[in-house]
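Okay, so chain A shows up in both of these, paired with chain B first and chain C after.
Moving on, here comes the complex of A and B:
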């Protein structure tokens, strides 16, 4: 009995299960079929079951039940009240109670979002202001700019660096002009031309992003092929 | 005309089969295609190379079995580098599956490098807390915020964590992820406390990394499997990143070849039609 259990739960059995699942899903590449459908539902069921198990085993029991019941931290009982408030959304008469809970969570999230937005985007705006003229390194003289400490060393900028910066600024301005909708581009030829170039620049960017996406998908395939050849069939090492 | 039409309408199943074959060939034949190290990969390497002793690194991640081909070589390369530099690191998983995968990987590499859990690395375990409040806690009192590792051992008892009081004792954070999420770390770790950040996304999320890279909000990036391969080259340890990147190059060559072939067929058949009419 224990041998059978070991066989069914051992590493080889798990690898066989993984290989069968992988091949079953890849049968879709030939055409839509019942094996694919069965395993698709199998995966969905597995994912939902895994998610539920995690919530109970990794969150509810260790973070809530054990502190409240075993460690005497009775105040965790209020979490049940707070969590339960969300479910009043299903009551027509008392759904205002759920709005209180949602309001608190949204307030917290918005507070964090402000800091997240400022921390992420303001430095990017500053970094968009780039020098365009090549220069040697120098130290800022005292009293030149209030925001820069005196004698702060400024890095040199090579000709190629300046060219890179110029390309960056050109693309930035043309793309920004594409999203400026208050002009009639037929009347303002310069604005129309800039917006058209901006659209081309966006297309280049989307092309590069699509290339990265293809690369990522190929990487997933490589991972699966390696699993089948190395772990399952053991023909490569 | 017939063959010109045929190369424009190759059955997709033949193309899938060809793809699997070209991906598999480099796995059987040992060779290495040339790998050039990009500045963004060099940036991460140089930062890890200069973490002062007495500080720790944090490897955060939310990758799972689905992106193992990209995220695992990235994580392995970073762990190996930290082990070799004797910089202790903490695993901070943002998904339960990541905790197991990163821990297993660390155990495997530690055996090769002669390292020990608790002394050279710790696993803080999956955290069910909002990332901003967790990092604010790390900024005030790191041991009180983390409390214990994934086994339930108080972190003060772990040698790797000795002398680590706040996030200011953290010399580097790397985020290994298939879904992005670097913006939270930029706001709450880099901009708030000045901790150098490295980004190791899957190739599909690479575009998200170039803005913060340009603004010096991250020190560098390991873009997908290629990034891992370049890092392995810098370390001088050919691993799965370098080996699998051969398959990646072959797959891309096949795709380019098929695109060229189909387009050649299209233009040639158009030219032939024009000539006949």
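Moving on, here comes the complex of A and C:
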């Protein structure tokens, strides 16, 4: 039995299954068809099953069942009650209980987001204020306006580095000015001009992002084609 | 969990080593939870909304206060300092700062609420995991209806169940019977392959999307096309070949297309993305505040309870 299972799930079987799946999905390039739809639904079922497996094996068993049942931390049973409250969404009469549970989760998520906002963005704001003048390395004395921490060593900045910093700061400020919707750009010509340049910079960045996305998808496609030719058909090495 | 909860609630929340007693305690918890929910069902209508608003606010307060309250190191600095400002702060908030500074259980960057951070995160994860069945139920309900009513998509819907059952069976064998072969086949042979094929399919359609996006109708579209072209050329051998006549070192080497592409991604693109992220973060903060304080309006938030 185990030998049969091993044969059915061996390396060649995995490659053949992968090739069939890939070709079935690519039939969509001809047109929408039943083979594609079947494999699309099969993929959906596998994805949901995989998500369920991850939740059970990575969260529910190690973080809930094992502490509660094996380690004697009985109070974890309350989590089942808390989780069960979400299912009142299907009750016509007591639907509001699920909103209570959702409210608690949303409250936690919002509180976490506040922390994340400060933890992620405050250092980025500091890091965005880059020096624009080339200089040698030096140490900032404690207590001066420029010191972040006592005797912070400042790395040297070359001319090209300063130019790069200038481009960075210029793009950042113009893009940010584009998001100031409270200005009347007809009255404030400078703000209007800055916002217009900001829009150009945004389009430039969107183009770069699009280019990167295209290349990422192309590399996925190349990977698939390589899989079919090298691993499955073995016509290239 | 035990370390965090054991701090203020004492001996009550102690792990129960006796398996039978533990099972009894669990049954007690479930009974108490059932009573709590039964009590909730009896809540008069006028108290329901205030209850939801309060629960949302209190839940959000934990992470907010954990961040806003000063850590132990700050308390120590303020108490030790002789500057007029810190002396005033010590006089005003000494009742709070002194026990914080002298608490040996706390690390320098922690306050009392930090002790529960891991527990709250785990509880949040576990309760969130229980909600997975909500989405699963919706999918099962939809496809089951298709199959039972023999609709146009019934045949395809039955393969949803096949995929789901196969992955659950393979996962069960791996997790509980120690047989990983079938799970390896279900993931490496089927799921990951279908996943890669599905996303690589986008490569074909992105070409038509690019055609629509890059038709030069305005100055902005031209900028976008130029940047995309530059980045794409910089990542393929033909692009590198175009500027291969430029030297490898020195000032002119910076004009080689692969370097220009990298510079575009690292400087103007990174700066613009940071600007977008700052805008997003401020928007999220505003929306978060509205949800936290239950000021958000819309169908879900204004529905009668």
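Following the convention adopted for this analysis, the second predicted complex is superposed on the first by the 180 of 237 C-alpha atoms of A that agree within 3 Å, B and C clash if a C-alpha of one lies under 4 Å from a C-alpha of the other, contacts with A are read in each partner's own complex, and residues count from 1 in each chain.
The definition used in the following text is that contacts are C-beta pairs under 8 Å (C-beta built on N, C-alpha and C of every residue); 3 or more make two chains touch, one makes a residue touch a chain.
Since the structure is predicted, the reported quantities are computational estimates derived from the model, not experimental observations.
By the touch criterion defined above, A:112 reaches both chain B and chain C. Contacts of A:236 after superposition: chain B is touched, whereas chain C is not reached. Of the two partner chains placed by superposition, chain B and chain C are both touched by A:59. Shared-chain residue A:126: touches chain B; no touch with chain C. Using the contact criterion defined above for the overlaid structures, shared-chain residue A:205 touches chain B and also reaches chain C.
Of the two partner chains, chain C is the only one that A:38 touches; chain B does not reach it. When the two structures are aligned on the shared chain, A:159 is found in touch with neither chain B nor chain C.
Of the two partner chains, chain B is the only one that A:30 touches; chain C does not reach it. Once the two structures are superposed, chain B and chain C can be ranked by residues of chain A touched, with C on top.
Once chain A of one complex is fitted onto chain A of the other, the partner contacts of A:215 extend to both chain B and chain C. Counting contacts as defined above, chain A residues 29, 59, 63, 108, 112, 115, 117-118, 120, 124, 168, 205, 208-209, 212-215, 217-218, 220-221, 223-224 meet chain B in one complex and chain C in the other. Touching chain C in their complex are the following residues of chain A: 5-6, 8-9, 13-15, 17-18, 21-22, 25-26, 28-29, 34, 37-53, 55-57, 59-61, 63-64, 67-69, 71-87, 89, 93-97, 99-101, 103-108, 110-115, 117-118, 120-121, 124-125, 128, 164, 167-172, 175-176, 178-179, 198-215, 217-218, 220-221, 223-224. Residue ranges on chain B touching chain A, taken from their complex, read 12-13, 16, 19-20, 23-24, 27-28, 66-70, 96, 126, 128, 130, 132-133, 183-184, 186-188, 190-192, 202-207, 211-212, 214-217, 223-226, 240, 244, 247-248, 251-252, 255.
By the touch criterion given at the top, residues 29-30, 54, 58-59, 63, 108, 112, 115-120, 123-124, 126-127, 168, 205, 208-209, 212-226, 229-230, 235-236 of chain A touch chain B in their complex.
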